[in-house]
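Consider the two complexes below, in which chain A is the common component and chain B and chain C are the respective partners.
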Partner chain A sequence: MKKTKYHIAVTGLNNTDNPGPGIPVIRSLRESKDFDVRIIGLAYENLEPGIYMPDMVDKTYQIPYPSSGMDSLLKRIEYIHSRERLDVIIPNFDAELYSFIQSKERLKAIGIKTFLPTIDQFEERQKTNLGKYGQKYGIKVPMSKVIVHRHDIEQLKESFEYPLLVKGKFYDAYLAYSEEQVKSHFDRISAKWGMPVIIQEFIRGTEVNVIALGDGLGNTVGAVPMRKQYITDKGKAWGGVTIANDSMLELTRDLIKKTQWQGGMELELIKTMNNEYFLIEINPRIPAWVYLAVAAGQNLPEALVKLALGLNPPPFLNYKVGKMFIRYSYDLIGDISQFGALSVSGEM
Partner chain B sequence: MYKSLPGNDQLHTETIYIKNMVCACCVRVLRRDFEENGIRVEEVRLGMAIISYQPEKMDLDKVNSILRKNGMEIIVGYEQQLVEKIKSTVIELIHQMNNADSIAQKSEYLVGKLGLSYQQLSKLFSKYEVITLERFIILNKIERIKELVDQDEFTLSEIAYLMDYSSVQYLSNQFHKITGVSVSEYKKSRMKNKKSLNALY
Partner chain C sequence: MKLKKNIAISENGFLFNPETGDSFILNPIGKEILNQLKEGQSVTDIKQLLLERYDVDLVSLEKNMEDFLVILQHHGLLDR
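Moving on to the complex of A and B:
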């Protein structure tokens, strides 16, 4: 039987050393047993490597940065939709999620589906609210403080022990061993990501993550825990292995149930020597290591598309333990005319 | 539970640096013993505590005797305090942080946290201890390896990687040299002769 072909737009094609989830999401969708896909890449910059991967993206369009406002984003999406008849959009950047969540109804009205957290779910898990979040849902979180002025840094020694973490509101985290280092990281992060900057207690332990998908009704459609094996100086997992860990799965299911989480998510946790789990961050989207979950038996992007389309995918009940991923770099060869085409016409 | 203590204005608060505090159990035991003796614990962590007590009932000699009962003692002198900080930082690095490298780069952690070069730390360590800093790190790694082998969560290749050995062979050789048995013999025999971290040498 011929499979239905869905037209799916995907962002996050920056498959760099700080990779976006776009390419692994596309790779997962292309492996769907239930449907075929035409992939429309949505790119912010001309040199996002995913644009130049012909077996991944069928067509790429440039879209405006979130900072240019929702209307200009929607106008562009409407144009792309008029050309491509999009069924689903999967946004993969934290910084763009707010715009897409807010545009959900307008997108739906023109026939484009999304499957994203609600604005309340998105807002309450912000790094700046982590303390309250932990308290509300009964999860251990590191002590955090939001700062907006450089002179706040001097008071940190009263409540924090060094080293501590300095984090940007969307991305970036640095370990600081002294006040001087905090100042330097504060300047760098605030210049790049704006205010506020988050100061967080450094929890010692093993870095573990869970990728999960909630159906918006309190049910966990799938969840796979992973232990990071190799971590870059940007804090990104460059290698990882799926692990058997009932505590992490229980924590995830419990959180999804209590929050009625809708969409993909990544829980970043630290397991301490005392077997306690501290929630460091919730990323409200599919993470870049999603393909490990697919290899372990849970095609979560495929399930997300089904949920977006109103189909009811059955929950994944298990996954393979001991599946490992390791990232690598690879030189793609393109032509300067491709770069030019995207640059001039905004599509390729 | 605290024995009843008067208001803060009648209490004497002191920061003490403590020798041989090596794990979370030490923290718990010390908190309990201090509190049982009417000392209020403002903060306690590896190698240090901030305590408040009534000066007419308690003094540092009595505090020290509580510590000695648990194999610990107050450290006086800046350099000795620093040596104790070196030890607790090595313990944090080897026993509490499992990833081979993370946002906390292992090579930077000791130097970054203590604010001195590795050479300075190493020299200071040798001045007050009977072994070198390098040997102290190796002994701690071996104890951590025993723990990880006992836990059965990681393969030996992963343990070698986590503990910064370039190969399983290198780990095995060093393990044998220090303990007198190979890793597989240790695993099979279920000897489980783990050493307390405050009695490694």
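Moving on to the complex of A and C:
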């Protein structure tokens, strides 16, 4: 039987050393047994590697940065939709999620589906609210404090021990061993990501993550825990392995049930020597290591598309333990005319 | 003293703890001890087996065995 072909737009084509999830999401969708896809890449920069990778995107369009406002983004999406008849959009950047969540109904009205957390789910798990979040949902979180002025740094010694973490509101986290280092990281992060800056207690332990998909009704459609094996200087996993960890799965299912989480998510946890789990962060989207979950038997991007389309994918009940991913870098060869086409017309 | 369930030890001495993702390389004696533990042998039986199989005195064996078990415990590989 001929499979239905869905037209799916995907962002996050920056397959760099700080990779966006776009390419692994596309790779997963192309492996769907139930449907075919035409992939429309949505790019912010002309040199996002995913644009040039063979057999990944069928067509790429440039879109405006979130800072240009929602109207200019929607205008561009409407134009792309008029050319491509999009069925689903999967946004993959933290910074763009707010715009896409807010635009859900407008997109739906023109026939484009998304499957994202609600604005309340998105807001309450912000790094700046982590303390309250932990309390509300009964999860251990490190002590944290939000600061907006450089002079707040002097008072940190009253409630924090060094080292501590200095974090940006969207990205970046640096370990600081002294007040001077906090000041230097504060300047760097606030210049790049704006205010506030988050100060967080440093929890010693092993970094472990869970990728999961919630159906918005409290059910976990799939979840796979992973232990980072190699971490880059940007704190990104360059290698990881799936693990069999009931505590992590229980924590994830419980959180999805209590929050009725809708969409993909990544839980970043620290496991201490005493086998306690601290929630460090929730990324409200599919993470860049999603293809490991697919290789372990859970094609979560495929299930997310089905949920967006109102189909009911059955929950994944298991996954293979000991599956490993290793990232690599590879020089793609393109032609300046491709770069030119994208630069001049905004599409390629 | 038992090895935690699901611990995988390959022929070449590579040990993988699926619960934590930790992995270790065992030397041949370490592999032998862990395989015996995995089969449910007691520490006393394993010591006896090693005494019979290798040219080692009891004091050295007990000291090294105790050190090794402490390491296994430290890495969370044992159920005490």
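Observations, loosely collected:
Note that the second predicted complex is superposed on the first by the 348 of 348 C-alpha atoms of A that agree within 3 Å, B and C clash if a C-alpha of one lies under 4 Å from a C-alpha of the other, contacts with A are read in each partner's own complex, and residues count from 1 in each chain.
By definition in this document, contacts are C-beta pairs under 8 Å (C-beta built on N, C-alpha and C of every residue); 3 or more make two chains touch, one makes a residue touch a chain.
Worth saying up front: this structure is predicted, and the values here are computed from it rather than measured.
Bringing the complexes onto one copy of chain A puts chain B in a clash with chain C. Of the two partner chains, neither chain B nor chain C is touched by A:H151. Legend: residue contacts after superposition of the two complexes on their common chain; A:V321 is shown touching chain C, with no touch to chain B.
Contacts of A:K33 after superposition: neither chain B nor chain C is touched.
Between chain B and chain C, B contacts the larger number of chain A residues. Legend: residue contacts after superposition of the two complexes on their common chain; A:Q229 is shown touching both chain B and chain C.
Contacts of A:S178 after superposition: chain B is touched, whereas chain C is not reached. When the shared chain is aligned, chain B comes close enough to touch A:E207, but chain C does not.
In the superposition on chain A, contact of A:K2 is made with neither chain B nor chain C.
When the two complexes are laid over each other on chain A, chain A has residues 206, 229, 271 in contact with both chain B and chain C.
Residue ranges of chain B in contact with chain A, taken from their complex: 24, 45, 92, 95-105, 109, 112-113, 115, 158, 161. Those residues of chain A that touch chain B in the complex are listed here as 161-163, 165, 173-175, 177-178, 202, 204-207, 228-231, 233, 235, 271-274. Across the interface of their complex, chain C is touched by residues 206, 208, 226-227, 229, 240-241, 243-245, 271, 321-322 of chain A.
Listing the residues of chain C that touch chain A in their complex gives 6, 8, 16, 18-22.
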